[in-house]
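Chain nomenclature is as follows: A, B, C, D and E, assigned in order of appearance, with residue numbering initiated at 1 for each chain independently.
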């Protein structure tokens, strides 16, 4: 069982590493979106500090939406996904493996670099820590929820944007609690409450999302 | 008990449901017309003027029923979709897809009337308030459902995919709904309490209830009409539709 | 082993076949014939459980494959029009991942052996992206050498293969049938598979005839 | 000559219209991104009004960047692009046709809906008009510039980063002048200057981008 | 017409062929042989100008194809491993767009006729997405019936086609050669193309022999 999970994760990690440049794109996108705002809004530090949590979180959300498209699409196009449906392994496990690899490649780097970006917006030490934590809890949830959308839209002529349409409404709670936790910390109210809620969402999606995504995959391949 | 069960299964087949839906739809339409006539008359001429908000408040008689229906219909739609996914009954899936456009239009009406109302009340068409935002998200959930449905050619596959989406979305609805608690909100809270005093004038309340019932009847009528056309389209290969077309009943 | 009963498949508003019935026992092969678009791929995908037929049943060892699910998958190899290999992995890596997911544990050495046998000697370590059309297909077919699943469903496996590879694959299929395997295949090319009990089914007419 | 251009535009428009959902989804993406910020930042109207031009413009930039991915990728995958390289028509013309269709499908609806979104952020009438105009000049430029990047991504395996690096410096002026024009109008300084500059960028990219993209396509397909 | 001089192609660190020379005159056909991975596709793509060879020249009517560019393209049809049709367009639409881009003006009726001839009667108006593998290939091949370009470069055109379609395509190719066309093709299947002057080239050995 674990052997299978490991194989899937390793396979996807190796594939990602073979395209090292691809690996950087999501990160790069994240950094760029965050850096564009000062350009578009203007350089006043007080405004920037106020909008910082929101901007970082929206950028994280968009970056993970962007990456989602590639979660199943390549496997679908070359037929390896079809073969996964035909293996004697529980599909939800394979899906979980793919999501895990996907998060390691796209979500984790983004989490790690976020304090640096927060610093640019003048956030304080404690706030940065909460930002890091909220992203650490939130981005896996985004990947998990997004996987459902990615599975549903597989092979459809809607493409990536349809995924966003389906998934973004579902991820809004993550966004609200995530940015809420940082804002609450910044304004001295303590962000623990929000972080607990984020954790709850993560656990829930960890249990439900692979199953839903597996069902969606079976439907999409019919 | 068992005879009732049989009855239900009988109506879960499109061919027997089709004429039934016609009857339900017709009578709902009649009820809608009557209730709307009464309700609109009362809302414009009978209900008293609000002492705080003047005449403009009368939009509430459209706004609130639409908002309620939009939320209720989503849950109903998800329920039908889930039934269809689990038991593989064709009719439930058709019901779900018949409800989606109605729900979306209700959400749209609630947003539109709310925005219209907001301009005189708050001095802005739109504020980023929890209630308003959650209604907007609800509209997006409906639109996502419809977009997914129209993006998949094979209707059976579309039904099943949409069912997954609707079910996942329904998990999200209470979360969005309770986010009100973390927000300070400009929008009115619940005025109609099931227990305890209602802060509303009884006449206003009656009018509102009549309008709500009218909206109910309308939604049922429209959903039935739509499900009938969906049944016809999807079952066009079957003999019963063929016979009906031959007899000129469709 | 494999029993198809009253199968009907509808795509769009076109009924491809209906009331299709056949049974395959151990050591039997069914060669599906039919012109382009007659529904061969559709039938093979339905038998593999990838596609829900509009009516009828598919039984494996007497049980419906929809109920068996993973159990049925464990006994099946399906090779379709798509190559099902990752362009960025080498031939060896592709083969090893595929086998692990199939639940077949193979050593590095076995993988190399199988690839050599299928004629990819010297190409095992290249990313599959640079392989030629026929070489890519061979990578996908190498699974057949390692997996002992009894039921093989092969959709035009000879496409894009050169003569040597066609001969080799014929041999592999014959061997599998001789070992009491069950094979369901389709191809437009002339091939000789006349060992064991070979049935042939013509789609469009719906008859099952013995060769 | 015009016949050819028309055929390419019509082909891509028909393809887009076949994907009814697709057509709307870029629009929805734009709307949703713009709507996310108030959720993440909070509902104060004064802050929102201040960041509105920036948010709308960044959203427009992201929406057109994301949509660009599909400009050549599909044609590349199914081999029709290869065939375009082998037609006796000037490639730059074909590329221009593809870009035009792409803008009509993804850019124009986004321009048309922008006043509605500006309204949500409490922008005034004149500002809305300038927002509309700036997007009308800016989004075609974004499509044109982006096309170069899209053409280059095809060949390079996961060269996403390189492309962003190439394309982003070129799109940043569009972003700055675009949001600048709106901000200047909002603060009563008049946005004409910015709009003229935007127009200049548009004309320049109209002339150069198809050629550059055509060259890039030839290189990617070698 | 077509002259290949001292051609050399290197992929990765593998030299596929070198010092390759052949000339094709009007009404001649070259059948390229070679096992999987011997470089047939590579050669065909080089001749079409899609791939830059590492050495040597390709001349068309005495001029280098790199210099001719669009002029050369106007006289060439290349049909490769990829199908080159849009899944969302119907067969008719695909054909008409392809012909317009080829610079060939055809009427709606001509398109329908061509599709009927290639065996897609009744499928002309369906989105190509739903067509079977062989039907998709036929859509791509229908161009050959309408385009009078003298040079055809066909990479395994018989793949996935049923027997009727193979026969039809053979006829079309023969006819083209008889009309002073030039054909360069490769296929692993046994086909009969013995009208006009048929050359055959075995890659891997590098000899040009007359059949």
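In this section, a contact is a pair of C-beta atoms (placed from the backbone, for glycine too) under 8 Å apart; a residue touches a chain by one contact, two chains touch by 3 or more.
Since the structure is predicted, the reported quantities are computational estimates derived from the model, not experimental observations.
Student: Hopping along touching chains only, can you work out the least number of steps from chain C to chain D?
Tutor: 2
Student: Name the two chains that are joined by the greatest number of C-beta pairs in contact.
Tutor: Looking at every pair of chains, the most contacts join A-D.
Student: Please identify the chain with the largest separation between its CA centroid and the CA centroid of chain A.
Tutor: Comparing chain centres, E lies farthest from chain A.
Student: When the C-alpha atoms of chain A and chain C are each averaged to a single point, how far apart are the two points in Å?
Tutor: 37
Student: So, what's the distance in Å between the C-alpha centres of chain D and chain A?
Tutor: 25
Student: Of all residues in chain A, which are in touch with two or more distinct other chains?
Tutor: Each of 19, 156-158, 162, 165, 168-169, 172, 176, 222 in chain A touches at least two other chains.
Student: Which residues of chain E are in contact with two or more other chains?
Tutor: In chain E, residues 81, 88, 130 touch at least two other chains, as defined above.
Student: Would you please write down the residue numbers of chain B that are in contact with two or more other chains?
Tutor: Those would be 140, 143, 147-148, 151, 153, 156.
Student: Flag every residue of chain B that touches chain D in the complex, lowest number first.
Tutor: 124-129, 133, 136, 140, 143, 147-148, 150-151, 183, 186
Student: Report the residues of chain D in contact with chain E in the complex, numbered from low to high.
Tutor: 3-4, 7-8, 11, 14-15, 18-19, 74-75, 78-80, 82-90, 94, 221-222
Student: For a test of understanding, state which residues of chain E touch chain C in their complex under the given definition.
Tutor: Residue positions touching the partner: 11-12, 34-38, 40-41, 81, 119, 123, 126, 130-135, 138, 156, 159-166, 188-190.
Student: Within the complex, which stretch of chain A touches chain D?
Tutor: Listed in rising order, the residues of chain A that touch chain D are 19-25, 28-29, 32-33, 36-37, 39-42, 47, 50-51, 53-55, 57-58, 61-62, 66, 77, 156-162, 164-165, 168-169, 172, 175-176, 179, 183.
Student: Mind pulling up the chain E residues that touch chain D in the complex?
Tutor: 48-52, 70-71, 73-74, 76, 78, 80-89, 93, 97-98, 100-103, 127
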